[in-house]
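Here is the structure we will look at, set down as structure tokens.
Naming follows writing order (A, B and C), and every chain is counted from residue 1.
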Amino acid sequence: MPKTKILTLTEEFKAQDILSLDQFDTPSLIHLFSATLKIKALTQKGKVLDLLKGNIAALIFYEPSSRTFGSFSAAVKRLGGETIEFQNPAQTSSVAKGETLEDTIRTLEAYSDVIIMRHPEKGAAKKAAEAAFFVPIINAGDGIGEHPTQALLDMFTIYEKFGSLDNLTILFAGDLLNGRTVHSLLRGLALFQNITVYLLSPKSLTLSREDKTMFERRGLKLIEIHNSLDMPKNADVWYWTRVQKERFKNLKDYERVKHSFIVTTDLLKERAKKNMIIMHPLPRVGEIENAVDKDPRAIYFTSQIKNGMYLRMALLGLVLGKLK
Amino acid sequence: MPKTKILTLTEEFKAQDILSLDQFDTPSLIHLFSATLKIKALTQKGKVLDLLKGNIAALIFYEPSSRTFGSFSAAVKRLGGETIEFQNPAQTSSVAKGETLEDTIRTLEAYSDVIIMRHPEKGAAKKAAEAAFFVPIINAGDGIGEHPTQALLDMFTIYEKFGSLDNLTILFAGDLLNGRTVHSLLRGLALFQNITVYLLSPKSLTLSREDKTMFERRGLKLIEIHNSLDMPKNADVWYWTRVQKERFKNLKDYERVKHSFIVTTDLLKERAKKNMIIMHPLPRVGEIENAVDKDPRAIYFTSQIKNGMYLRMALLGLVLGKLK
Amino acid sequence: MPKTKILTLTEEFKAQDILSLDQFDTPSLIHLFSATLKIKALTQKGKVLDLLKGNIAALIFYEPSSRTFGSFSAAVKRLGGETIEFQNPAQTSSVAKGETLEDTIRTLEAYSDVIIMRHPEKGAAKKAAEAAFFVPIINAGDGIGEHPTQALLDMFTIYEKFGSLDNLTILFAGDLLNGRTVHSLLRGLALFQNITVYLLSPKSLTLSREDKTMFERRGLKLIEIHNSLDMPKNADVWYWTRVQKERFKNLKDYERVKHSFIVTTDLLKERAKKNMIIMHPLPRVGEIENAVDKDPRAIYFTSQIKNGMYLRMALLGLVLGKLK
């Protein structure tokens, strides 16, 4: 039986491709987060879940990504499933012989129950989903396109901490012009009520005016700032990303602003409230001081990554029809 | 207890190396195909087979092959077994330190219950089988040598469709001079009765005269043609392979004949009967139009690849003594 | 709960990092070897052990090593556990994006219950152990530093053969100046009683004087020889390693001595007693003649490699608290 077409998810995830955050509405997100909470609680109690016993997930990563690859691989195995894994298939597979992406996907679906793909080209995940006749595709990042499970795990982490995604003040810092992670997350947050977003970036790396207008129309309250001195003291979340030196036309501009884009213990003392969390999509390359790691509010290693695994476990359980 | 020597298989596969199609006689093929039908039926009913629980298969692939690698890996795991996997070991292993193939095999057999190997050199599988003291070797392709499981899965696919391998008309198209896949399959078909084979190739790429004589002596009825206009309308199977541009001395020759070596919906309308199947070993690079994929007679994606997995499951079950 | 600090092991292995042979005292070694004997006996009887069911081991190998990689991977799987595997992560992961080793480890520990790491830099395993908050690190080789499980499996192999590690005569041959394997093993042997060690090496590649003094202080009786004619006839163990041509300043020196550093059937006839064993850490590149492999005293393929897997199974069981 061929797959149904790509749908907007409500509460029914079974056999659906997961390509974009835009497929999700608010109830479907809450449904996914509840499933994740359940899976996390059971796993942490030491319960061995065998939901995916007898299932095989194909992981095909055309681009390096230890974090996402490891997270999905562990998610499958923690549920009792198995994987077949292809890293850099351009070097190790029929791709080297000139096979199209579509044919590769048609082959993989013969062996597996779900295909998890990372690809450097925007739109590749959709292409794969259209090629697959029988099994769902999960987009693990398609270049400058989307990386929906990253946004989902970030939202879940905030949801878990505050019990809701409504009525929050969230600060994003970094390169807001080019950062895919931030854009996805903003789209997801726009599905919730009464969210104030501070956007801390160099002036040359603010959100594009189109994106700003679009997010405001969707209901987010946006406040742009350019210096850490303007940071609010009541933010519930600091979501930090990297400002790449290479984005600046001249080095002096970079040197002038860079101190505003590094989380230090001092900055925390001055600007962070007690009951907040510091997040980062990782890898970091210097934009959060190591000394900050010990602060209990820094949860990028202690919760955020692990939540990625739990969220992917829940998503796989739902998509493969093993969870309701 | 050391392994026994490489044997001709009758119905006893246990602990045998699987190196060449020449090991098989007609009853052993039928035995393998019956086991494959059983495994396929059980798996498709959703039964989780644990035949290989506690067993480890070592997959060592000295050459890229996503299709065969994935198929074997999935086969082991669908039977409840585990794999240890080495892709491109020349870059990631002791091979880089100058170890002989024999020593590598002796090492792998210490960790595993069966070794599945692809290697670029003809004869490498036999070398490995002679080196291994305790565990069987399965040849997953040794350069221009053999790739027995490909021929076996092809034969099984025909057997499954027609209930028998006797009394069939089969058309092979492509480069019949150099194509390893075709040669193996012809050797296998020669074990059955009353088979007519049409051989469609450019004149410069016909079967060698030696091979032609040999296959005729083994009982195949061979008819050579060079143009799609001469194709019979009663073929039960079209087995299509690629004609490589590089094989032609001058480009004009290639341009003149190439249209005869591409399967199109038009060609199907003109030359194919209703109850036939179109097969291809894959990957394809243009020699079957994408539009053909939707034709129910096109089974390269829908049955052929999946049958590869089921056949390898049956073979592993038999070789490891878990199936009779 | 954060991990405790790196401890000297007594009989309590649970949750401990395994970084160096120096962590072990005599009772802890005997404890590990007894556990290994038990695991080996059960596995060889065909018992499927599910000690690690529900556990995930992360294998991260920054350097090629088919032998150690395969051994650990098989060890985890033979115990019913699962792995997530990264070979050459510099090419396939966040390492390529400039992530520190510490951050990579913090990420991996979010997905796994134990991390097994090989790294080209001395001290990397200790660094990783300090970075990991929650899960133990097992050193699978850190450059010219240590490779403790190699020394442990070698000691276990001798222990299994002779029922004890006391009162033995052991011959080491090869490059004793640079050989990491030999140095580790000598350190381990020094924990036992009444051990005589013959050291056969070219004059330019003897143990450094410091090392010699150190090992003698620790109680080993050392006898240096430079020619196979001086080999004792009563050695219980020949532990053979490679003399690299490149270590010699001029080729003539190498040519003059090389015959003394190759095990041949003739050398065995002349110098080896009946109830002894020939060991090699592998890979070998010519320093043991292939004809020697058939001698029952040559156990590098038949016992030594396999013991590596069993020892790693026992170690994993102990460290993960599944064995006492």
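Assume a residue touches a chain if its C-beta (ideal position, glycine included) is under 8 Å from a C-beta of that chain, and two chains touch if they have at least 3 such contacts.
Bear in mind that the values here come from a model prediction, so they are computed numbers and not experimental data.
The minimum number of touch steps linking subunit A to subunit C comes to 1.
Of all residue numbers seen at the subunit A-subunit B contact, under half occur in both copies; the interface is built from largely non-matching residues.
Averaged C-alpha coordinates give centres for subunit A and subunit B that are 41 Å from one another. Counting partner chains per residue, subunit A has residues 85 touching two or more of them.
Touching subunit A in their complex are the following residues of subunit C: 53-54, 56, 58, 82, 84-86, 89, 91-99, 102-104, 106-108, 110-112, 133. Against subunit A, the residues of subunit B that register as touching in their complex are 46, 48, 61, 64-67, 69-71, 73-74, 77-78, 85, 87-88, 282-285, 290, 301-302, 305-306, 308-309.
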